[in-house]
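Reading through the structure tokens given below for one structure.
Chain naming follows the written order as A, B, C, D and E, and within any one chain the residues start at number 1.
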Amino acid sequence: MFGYVVTRILSAVPVMAVVATIVFLLLHLTPGDPATIIAGEQATAAEIERIRTSLGLDRPLLQQFVGWLLRILSGDLGTSIYSGKPVTELILQRLEPTVSLALLTLSIAIVIAVPTGVIAAWKEGTWVDWTLMFLAIVFFSMPIFITGYILIYNFSVQWRMLPVQGYRSLSDGIGPFLSHMILPAISLGLVYASLLARMSRSAMLEVLHQDYIRTARAKGLGTSKVLFLHALKNAAVPIITTIGIGLILLISGVVVVESVFAIPGIGRLTVDAILRRDYPIIQGVILFFSFVYVIINLLIDLTYRLVDPRIKY
Amino acid sequence: MSSTRIMISSDPVPAQASAAASRGRKIARWMLRNPRIAFGAALFGIILLLTLLAPLLSPYDPLQMNPMNRLKPPSSEHLLGTDALGRDVFTRTLYGGRASLMVGFSVAIAATFIGLCIGLVSGYFRAVDNVLMLVMSGLMSIPGILLAIAMTTLSKASVTTVILAIVVPEVPRTARLVRSIVLTIREQPYVDAAIVTGSSVPRILFRHILPNTAAPLTVQATFICASAIIVEAYLSFLGAGTPPEVPSWGNLIAEARNFIRLAFWILLYPGLLLGLTVLSVNLLGDGLRDLLDPRLARQMKARS
Amino acid sequence: ADETTLKAVMFTDLAITDPTFTASTITSNFGFMVYDTLFALDSKGEPKPQMVDKFEKSADGLTWTFTLRDGLKWHDGTPVTADDAVASIKRWAKVDSLGKALMGATTSFEPVDQKTFKLVLSKPFPLVLEAFAKTSAYTPFIYQKSFAETAPSQAKTKVVGSGPFIFLDEEWRPGNKVVFRKNPNYVPRSDPQDGLAGAKVPKVDKVEWITISDPNTAIAALQNGEIHYLDNPLMDLVPMLEKDPDLKVLRIDPMGQSGMIRPNHMQKPFSDPKARLGLAKLVDQAMLGAAGGVPQNYFTACYSFLGCGTPLSTERGADGFKKQNVAEAKELFASAGYKGEKIVVLQPTDVPVLSNPTEALVQAMRSAGLNVEAQAMDWGTLTSRRTNKGPVGEGGWSLFLTTGFTSGFGSPLTHTYLQSSCEVGTAAGWPCDKELQGIIDQFQTAATRDEQKQLADKLNEVAYKVLPYVPYGQMPVLAAYRNELKGVQASGIGVFYGISIAKE
Amino acid sequence: MIPSSPTLPLSEPDTVLEVRDLQVQFETIDGVAPVLEGLSYKLHAGETLAIVGESGCGKTIGALSLLRLAPSPPARITGGAILLNGRDILTLPEEDMRGIRGNDIAMIFQEPMTALNPVLTIGHQIVEPLMLHKRLSRAAAWERAVEMLRLVEIPEPERRVKEYPHQLSGGMRQRAMIAMALACGPKVLVADEPTTALDVTIQAQILALMADLKRRIGTAILLITHDLAVVAQTADRVVVMYAGRVVEDASVFELFENPRHPYTRGLLASIPKLSDGNERQKLEGIPGSVPPVGARPPGCTFAPRCTLAIDACRQSVPALDSVSPTHKVACWAVMDKTSKKELERAIV
Amino acid sequence: MSELSSSPPLLQVDDLIVRYPVKKGLLQPRKHVHAVNGVSFTVRRGETLALVGESGCGKTTVGRSIMRLVRPSSGAIRVDGIDVASLSRRQLKPYRRKIQMVFQDPYASLNPRMTAGEIIGEPLGNFGIAHGADRESRIMSLLERVGLGRSHFHRYPHEFSGGQRQRLGIARALAVEPSLIVGDEPLSALDVSVQAQIVNLLDHLQQEFGLSYLFIAHDLAVVQQISHRVAVMYLGRIVEIGETADIFRAPIHPYTQALLAAVPLPDPRKRRTIEPLRGEVPSPISPPSGCAFHPRCPLAEDRCRREVPRAQEFQAGHFAACHVMARNNQYAALQPVTA
């Protein structure tokens, strides 16, 4: 088990090396250079050149790449070209909002989606199934920012019930935290819950057609026991997979939601960094994401074990 | 149709009644059985028709601006009002569909094709499998939208760039789907039979394995298409989409969002059409998935 | 708990804290919070002493002696010295064009004692005080000597100022918020606040600059009372804000910004002045303004290269350019030998106030039969693309739109975009015209207002022939804020001293 | 070790379960197709009744219908009655039906791998019906689960009870399945091809176990299979099904020694017989194959494959008629030859 | 049968060993499934050799190795004296014309997207045997040979019944006119009535073309019907091999005896009274030491636990690998197992 975890984490290394190469090449082979942006709106060519030299951007590509790799290997993601702050610190600062948003969204989605999927599967082919799945596909088809604007407009601007934007840490109290998080989490959660509900349904359908469900019913068990114990536990693996995939997809949604609700999370950090060509941040964050990806996948695999005794490591 | 019939069940249950059914009743029954496909296709067909007939339906040029006549509410002159540069929203919404659908189709076709090639090679040739899958994992671990933003902002903004930027993150998923199918199919006895009866590798790949990817890839392609249309909108929203000259729905929405509170109609109609399109494509995909093969759902899950 | 915190959303996010490292405006704003300047412009644009208590000018105008005010202290408690001031000005002068000009005319610039320093010029330089009070592009803030002695190409990140607010580095979340605390030891001037001059009294305990990248969200947040102050609100929504009884909209900088169409003088077709004239004929300033979403009451069509509302403003030579004339433009392009070559227009899609007018201009150009390709990009990419001097086939460009602070346009010497010296260092577009540059250079010695006015007329006339750029109007810099805020001033740049929050 | 002589049914033994003219159809959007067209048989206490027939003739559907668990949609019971101790369970509310499942009628399935829930322990799965039907406490139920495992001869039942199905071998799983089915002491045990997925050696173990248990517990067994050899080894009585109907119903001896229906004969002629001799007999087989549901011919469904078919066969369905007190057959050709009247006299 | 035994072997398998790697984590030691653990036998022209044994004992693996669908870990497979393992991809082609395979699952072994004609025509095309009209007529005659009609030419597999599908599979194998057909449980997915049809067909074809069969099965009753010789496998090894009649009349190895005893007889008068073999086949990942059968063997001795028994000839052409039987040489005394 421990060995398995270590192996899995080690297997992240080649993936991250690939990511590092992709990102480095993407950044350095495309036009646009941070020096000009740093120099400001009214800078002249000479000043830009001065900044370029000071950032080491005039050195050969390979030299920059190797230098960067070496630094990463020593655990140093570099410092932001702009603020001069260490990338690690910037990521850590932004981690909390993003993680809270993701987790809250996740919880909302799971709480809504899994029972929805279970019920839809149970009522397969009836109007209940049809309605639930239609709603799911409608929400799934709705761009997040439109949902976001609709929510802001109603809850914040019209009814003034909730704040428009921003983030409060959980340490500021559960009230402020939730009031800031609820709208973003809902606008993101709807899409995610729809995905999850659809997947839960199909996972459940698959399980409900299995022999052991027939066995369970042949024992005289009631519907809820059959559904929520015998079936759901078996459907858990694909559902957890979807939760995991969703969590990764969620990151894309987070970028949009963080923009709409001005949440200082990692998504926004990355977009800003890309727009400014703050290379160390872009590289650092994307490496970080690929690490998170590996960890999420690892966690999913470990969770499989909890629900499915057949899986061993 | 024969290929799909096989997939419904290996033991079809033809009913006596069906022999006498007229063609019309057959169609009606087919639609009853696949309401999602029927509804999705109808909705999608209407939207497609609207966008294709845009020049006939609207007297305006989608790019013709008149800044002095900006943000006008819907009127008889401008059915859906005008936008921030005084362009006709109705016209732009229709033309916008062309760009968005083009992006959707192109991405779906390109991602499917590239993913198919990679997946076939990776699934059949062990030697390259590890390397290809490593690169795919690498690509997958970068959140798609960030990769796309990076690609569009860092290179010249054009429709092609946007298509490419949406395609790249989709490729690994498709490649993995195809690979998993290849891995399953190559274990099928009929592939063994083909080997034993002297079939060459290309023949096995193209005659025996490839056709099995058609159904799941069709389904996958519809979902990619739907997602591409949304992603295009996200990219435009984040300022990294198609050039503003191109009146894609994403651009219309992105331009409109600053005016929601002054002129909601600029956002409403392209937004509505975008949502309906994605909905129709998703319905189509969902229906196709269940029609083509209920077991497909499992493979789709494994695609990540 | 009784702490008052002023929450403001600035027009962009603070990325760099060293105002001599970058010319970016938000860093200037930052400077005005934490640093102080020797002189500062009042609301009429006149330089007034700020850190300087008194100064003397010798009769020949060549020797200037400055004495610092009493009680100036760095945030770390050490006193501000003449050494600090001299080192800071020297650092600034290495990057700022006006600073370079000043140093070019300087024999010596040295501290005399703790609080006194002396400037000895080799030739008369009429803009000494203007230079020390400069607010646009690089502002000569006074840093600690140790800070000032690092090369300007090396960004400094440790911020120790002497201004009315203290920067809390540990609370800084780049991309999210910048936090300032009131400087309890700040000794303001005794004269009342006037523009950037006069007393700077911090009246709130904390100022937070919050980043909200979505302009709609920002406005909603202001209306919802989550923030107090919104710098540079989306122009389109200004009328709506004006209607909101809880809010006020103020012209922070009445002269504001001037729009410029920058053609590339190095490449065809705009290397030919006729083509530039043709371009100017296509411009309908009011239309471009409207396209940018500027409400009509805030937009001024302006035909003066030195800005409208500045002392030297003039419209000499602009008569033929006040109305769009496509036919004439066509002719001009034809006579410039234009045969349908591709014209690449850079369009910064993330700046609505530039992006939409660019689109409108592109349409006008197309209507004149020009083969225009608009290339969309974000502002960051644009600033880097525009340094490419090559032909369009090699990543070059033909024109782009930008804006500049009108306050910097007042003098040809501080007007970066007007420089046509044919040197490498001029602003992107690289105008090159000996006659125009000659007139600009004459300003260095034009001592009296009259002399300057005459020169300005001449300059405008020549500039409308040479067209280093095509002006397309002027709009104020606005700020919207909640009624609770008292004491917001039209200081030209958003500053937060002198502002208090009234409790309901 | 195993009692080798089949227990012959007494003249009027108590019937535990009677299926009377059971009709089941598949209702899909394509139309309605009958699956079971009048299935009838009786199961007596302590008896093993085998139902045989080729794949797809409706054996499983028939078995599941006993518990009202045939997959619905598409299956729907449209007629007939299922009498459990004289009570028609088709009319019971679902609630009461649950009380019968696993309690009065228990079932074991073909694939022990897929019929056990892979994510729950064996013990848990055995305990469930005990707590539900017998209202045992958790502890008591677990104790009984261990006992049941011991009964089905699973070594180390205390340990196995805590294991998951995948930790058991195929044979063990089938034993666990039996333990689970028998936990509540059902009156009827329905075994749907309980050994088909197993190797011969394991099959022998399981059949031996079932015979042993039947002797000890006295549960009536409904054994569904397509393997006539298994039938010969275990059953007291045999019902032969073809395409949704019973074609022959006889005691095991009569069936093997004097098969009347051409289908039964065909089946018997198809079985390769293990012999110690050197001779290779020719297998006969039955030409053609079972028609799929929805494409069954009119009249006797077997007619198209039948070498003896006469016109009557293609026109109307023969009824199940007695040829001896313990032997019924549904065949026009057979009925033609045997004078019906004579037979009736013989029965009375 | 005597003339059969005198002809040279068509297929000769020598000490075949096949191991499959078991997927494990990077840090765990690599494990193997010892699927086939040293198997030797021959198949002569016109002969049917049946390979029987319980599930997982490696029958399919032997068949697949012969078809070169699996690469053996060691050992030799010779067809007409040529070692199959050494063949390159190109050399493999003529080899495959000699040996063909019929698969267990008549559903999965036919590409659902190809018509019967295409399926049977595929080997003809691959080996360039026939083209155009010639190919068509050959396909037709193959269809007829396996008892299908011309009308089936354009049908898809799902339009056939299980037995018909298996006929298609046989027709495909026959297309290249092979000398040997490896049948991997070609009957086990079929109903008895249909099984009988196929058994008869195979018999008929053998007589017509002088085919050899390697017939993999687990149903001993069928095996007796169809094979000339039988090889009994247990956990990757052949424990007994000999003429069918010998094996069924006088099985030597205790496993063979048990296997035979476990076969239910289709006669209610002959109910089994023998206690069934205890336990189940152990895992081939870690097979028991010595004689793999010893944990289940009623006669097992100490030596069985330690030493792998070698095959010994008990009678002409009748080999078995058992220490106990070899010592007692009791085979002659054995009674037929059927009551």
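By our rule, a residue touches a chain if its C-beta (ideal position, glycine included) is under 8 Å from a C-beta of that chain, and two chains touch if they have at least 3 such contacts.
Predicted model only: the values in this text are computed from it and were never measured.
The greatest centre-to-centre distance from chain C, using averaged C-alpha positions, is reached by D.
By number of C-beta pairs in contact, A-C leads when A-D and A-C are compared.
With centres set at the average Cα position, the gap from chain A to chain C is 40 Å. Inter-chain centre distance (chain A to chain B, centres taken as mean C-alpha positions): 22 Å. Note: centroid distance chain D to chain E, computed from Cα atoms, is 32 Å. In this assembly, the C-alpha centroid of chain C lies 92 Å from the C-alpha centroid of chain D.
Counting partners per residue, chain A has 31-32, 149, 153, 157, 259, 275, 277 as the residues that reach two or more other chains. Residue positions of chain E touching 2 or more other chains: none. Across the assembly, chain C contributes 214, 216, 350, 377-378, 380-381 as residues in contact with two or more other chains. In the complex of the two chains, the chain E residues touching chain D come out as 54-55, 161-164, 191-197, 199-200, 218-222, 224-225, 245, 248-249, 258-273, 275-278, 280-281, 336-338. Those residues of chain D that touch chain A in the shared complex are 64, 67, 69, 73, 98-103, 106-107, 109, 111, 114-120, 125, 128-129, 132-133, 164, 166, 177, 180. By the touch rule above, chain C contacts chain B in their complex via residues 214-216, 234, 236-237, 240, 286-288, 290-291, 293, 347, 349-350, 352, 355-356, 359-360, 362-363, 374-378, 380-381. Put simply, chain B touches chain A in their complex at residues 134-135, 137-146, 149-151, 153-156, 226, 230, 233-234, 237-240, 253, 257, 260-261, 267, 271, 274-276, 278-279, 282-283, 286, 294, 297-298, 301-302, 304.
Listed in rising order, the residues of chain C touching chain A in the complex are 13, 15-17, 21-25, 27, 95, 136-137, 152-155, 157, 172-177, 210-214, 216-218, 220-221, 223-224, 226, 350, 377-378, 380-381, 383-387, 395, 402, 404, 416, 424-428.
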